[in-house]
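Next up: the structures, one after another.
Same chain, two partners: chain A is paired with chain B first, then with chain C.
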Partner chain A sequence: MSEALKQSLDISMFWEYRAVFLEGLTFNCLVFLCSAVVALSVGLGAALLRINRLWPMRWIGTLHVEVFRNAPDYIMLVWVHFVLPLLIGILIRRRVEFHPFLSAVLALGLVYSGYFAETFRAGIQAIPQGNLDAGRAFGMSERLILWRIALPQVVRRMLPEALNLFVSMFKATTIVSLIAVPDLMYNVSMVIQQEMRPLPLYSGAALTYFLIILLLSSGVRLFSERWRRKILA
Partner chain B sequence: MGEIPRIRIADVHKSFGPLEVLRGVSFDVHRGSVVSVIGASGSGKSTLLRCVNYLEPPSSGEVYIEGEPLGSRIDGRGQRKPRSLAEINAMRRELGVVFQQFNLWPHMTVLGNVIEAPIRVRKLPRKEAIAYGEECLRRVKLIDKLSEYPARLSGGQQQRAAIARALAMRPKAMLFDEATSSLDPELTDEVLGVMRELAADGTTMIVVTHEMNFAHEISDRVIFLHQGVIEEEGSPAEIFGAPKSERLRQFLSKYRK
Partner chain C sequence: MGNWERLVWNQRDVLLAGLGVTVEVCAIAFIVAIIGGLALCLVRIYVAPLRPVAVLLIEFFRDTPIFVQLMWVAYVWPEIFGFPSTFFNAGWLALALQSSAYLAETFRAGIEAVPRGQREAAFSAGMSQAQTFTRIVLPQVTLATAPSIVNQFTVIVKSSTLISVITVPDLMSQSQKLVNVWYEPIEILTATAGIYIVFVFLISSAGKLLADRLLRRYGLNAS
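Coming up: the complex of A and B.
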């Protein structure tokens, strides 16, 4: 093995800085959790608009999905962080600045809300009409039907796809270093500037992401599959 | 007239676009009686049942539950006003529906299905709902399956669970929409058996069915629907023993072969 390759795979330096990196990783997790909440709730809202009886509502829902699903997260992040505050500033005639953490959560949450909206919509539309009719026949309100009958089934049906989305979302949290959210990648870059040894540090970061995502997603899959299977004939 | 009928269906019309599926259907169902609705596919039987509890609001006409109009109410000035969805919900919970496709909620256990509406709609305390739900499951002989999920039950068991679910709401009447049509022949008997017992217990029922022998046996009154109107109605003996119209004779002959 060449000396250069050996060096770049030697992640002992990454281990030396583990405290700093762990702190960064906490930020990744925080950004992930908060933007997941945004993506799921905005996504559900958009999905409900998409299947609304009134066409203007459907139109707004479709616009939302197309805008956010077709925007690269990188550009959305920069746009939310730098352009959106300017626009709001003009509207309310005051200088506005977004905290990088807020911009990160908003940008990722919105981009992924476009994907989640489609997943939710497909899930809701896959429920047999008779299942909802049964709820209506027993005098359940539309709200009760949504929360007690539709969504519990939708969540189970969309789980495998949602899991993939969550994995992409977690990986996408690495771009928040661009607007100086001190996440793992940000801290890695800082250490690289000090140590001038990018390769082992990047390898370490890659390995960290790989292990976390692998462990979490297989854990969730294991736990959810039995629960999901129970309802499927 | 005397007694107010449990359900009165008054001149119900239903159109889907240019297609007129029901063209003025009227009949009464009295307390404790069983009315069967028979007729060929496309005669409007199922649509009629869906109109009775407003899953399909009638295009015109009205349905009365113990004299109370389901889709409208008389306001203070004596004017007829359409009811809001919430009010219709409050009215339709008085009718227990059993669907052809069972329509159990797959993410809930059998007991979960049975107690859901009593708890959420009738606001019954959980304990009470469970106690009565178990009683209903005993009536349909499914008490040993109460913690199973619907996917693990046979069609006949699912349909009996669906009957228990409807009974648990203590409805004023039960509506059966071809309750055995999607079952294998060897499974229909267990469901018909439960329905037979309900009828014997004095449950008010409207039964849409293709099972002529069954209709003959349990009905107090039989209605033959043809192209959206009542072609003939009468006691089971009259309908099956001495059909008057040519259409009913033709229809019945298909089942006698």
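Coming up: the complex of A and C.
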């Protein structure tokens, strides 16, 4: 047992492959960045639908939020990768295949758009009605009111919550290895297949992710506390 | 429509067997997570010498992605600690570890929200520390954290899809087996996604209902 413990604590094998793993980590970051863009833009769209005057619009927004907030991200990943291209293929009568990277970005982006939509909505609804009325009284268009009056306040209010969501999203990027996006976890399992030594490699991967996410989440915690004191005081 | 009948309805036994395993794993993980979370949180607050250990454990399990943890528990733990001996046990154990860390923080917030004056009142009424905890603190914490605890169950269900990767025959795994047999993913995977979405939706709706009830009956702010 102590031999196994020593082996697992000996991260030198993990260190040997650092170049491959660093490359994998950049894929984690890439997937994260792209799906964050998707999540933010789709989330804002869904939030605007949810507060629309017309009930069918509201209904679509609510459906979007409920479906994606309640869907496990792994099944969404698999669904987007294997089912969505077939459905599109049937529509345009041509064979379609998604690159794993595209599927990963779409799936994570969609799942988290549900969470972001609720954050956006809460932020928008917290804006005093008087602000919007004042904007209208000045003859601003609805779009201008959204960009100049609503969104700046929404962003200030939702920033701590959004940062927490981003941290969860970064954690979720580890599952993209399951559809063969060459991220850190994927490279780790590839090396394990060659070296047949899961002990130090999985431990190294766990430790790496732990350190990165610990750094991120403590940064977020510190920032949020200050931000809340400054903005919402 | 014929495809739906052939691929989903006629295969319902396979899918239901998978759903059964999913429910089983999640239920075990949930119960273990509540016990483990309470233990971690009590150690963190009341057992000063062990506090750094509890903090480290909580931070480690909170800040490691569940997939990484699952692989780690499934492939590394058996060689270091000699358990879990099966992938089924590794599955619920990994889910329970992560959730117990989240729940520990939930419980801590709940305990720290109990006004200090109440504890002092209990002390001056001659209650022991254990009595104060079980009679004054725990009932309030249970009520205040009940919605978050239900929410954590939905997180467990969502993460449980990953145990299919370590070959536990849960719903996700069964549906992927069906896809590999029939090569027709559209109906099977859509139905599986639908089952998961409805399942999680039902749990979280129950949680919201519970939160509203508690709020109305006890005037508690469920956060």
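To be clear about the criterion, the second predicted complex is superposed on the first by the 215 of 233 C-alpha atoms of A that agree within 3 Å, B and C clash if a C-alpha of one lies under 4 Å from a C-alpha of the other, contacts with A are read in each partner's own complex, and residues count from 1 in each chain.
Here is the rule we go by: contacts are C-beta pairs under 8 Å (C-beta built on N, C-alpha and C of every residue); 3 or more make two chains touch, one makes a residue touch a chain.
Model, not experiment: these values are computed from the prediction.
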Touching partner for A:L214 - first (chain B), second (chain C), both, neither: second
Partner chain(s) touched by A:W79 [first = chain B, second = chain C, both, neither]: second
First (chain B), second (chain C), both or neither touched by A:A205: second
Contacts of A:P128 with chain B and chain C, given as first, second, both or neither: first
Contacts of A:A71 with chain B and chain C, given as first, second, both or neither: second
Partner chain in contact with A:Q153 - chain B first, chain C second, else both or neither: first
Touching partner for A:M140 - first (chain B), second (chain C), both, neither: first
Per-residue touch tally on chain A - higher for chain B or for chain C: C
Chain B versus chain C as contact partner of A:M185, first or second or both or neither: second
Chain B versus chain C as contact partner of A:I231, first or second or both or neither: first
Chain B to chain A touching residues, read off their complex: 53, 55, 85-86, 89-93, 95-97, 99, 101, 103-107, 116-117, 120-121, 149-151, 162, 165-166, 169
Chain A residues touching chain C - in the complex, by the definition given at the top: 1, 4-5, 7-8, 66-67, 70-76, 78-79, 82-83, 86-87, 171-175, 177-178, 185, 189, 198-199, 202-203, 205-206, 209-210, 213-214, 217
Touch list for chain C against partner chain A, complex: 59-60, 62-69, 71-72, 75-76, 79-82, 154, 157-162, 164-165, 172, 176, 179, 185-186, 189-190, 192-193, 196-198, 200-201, 204
In the complex with chain B, residue positions of chain A that touch it: 128, 130-131, 133-142, 144, 148-149, 152-153, 156, 230-233
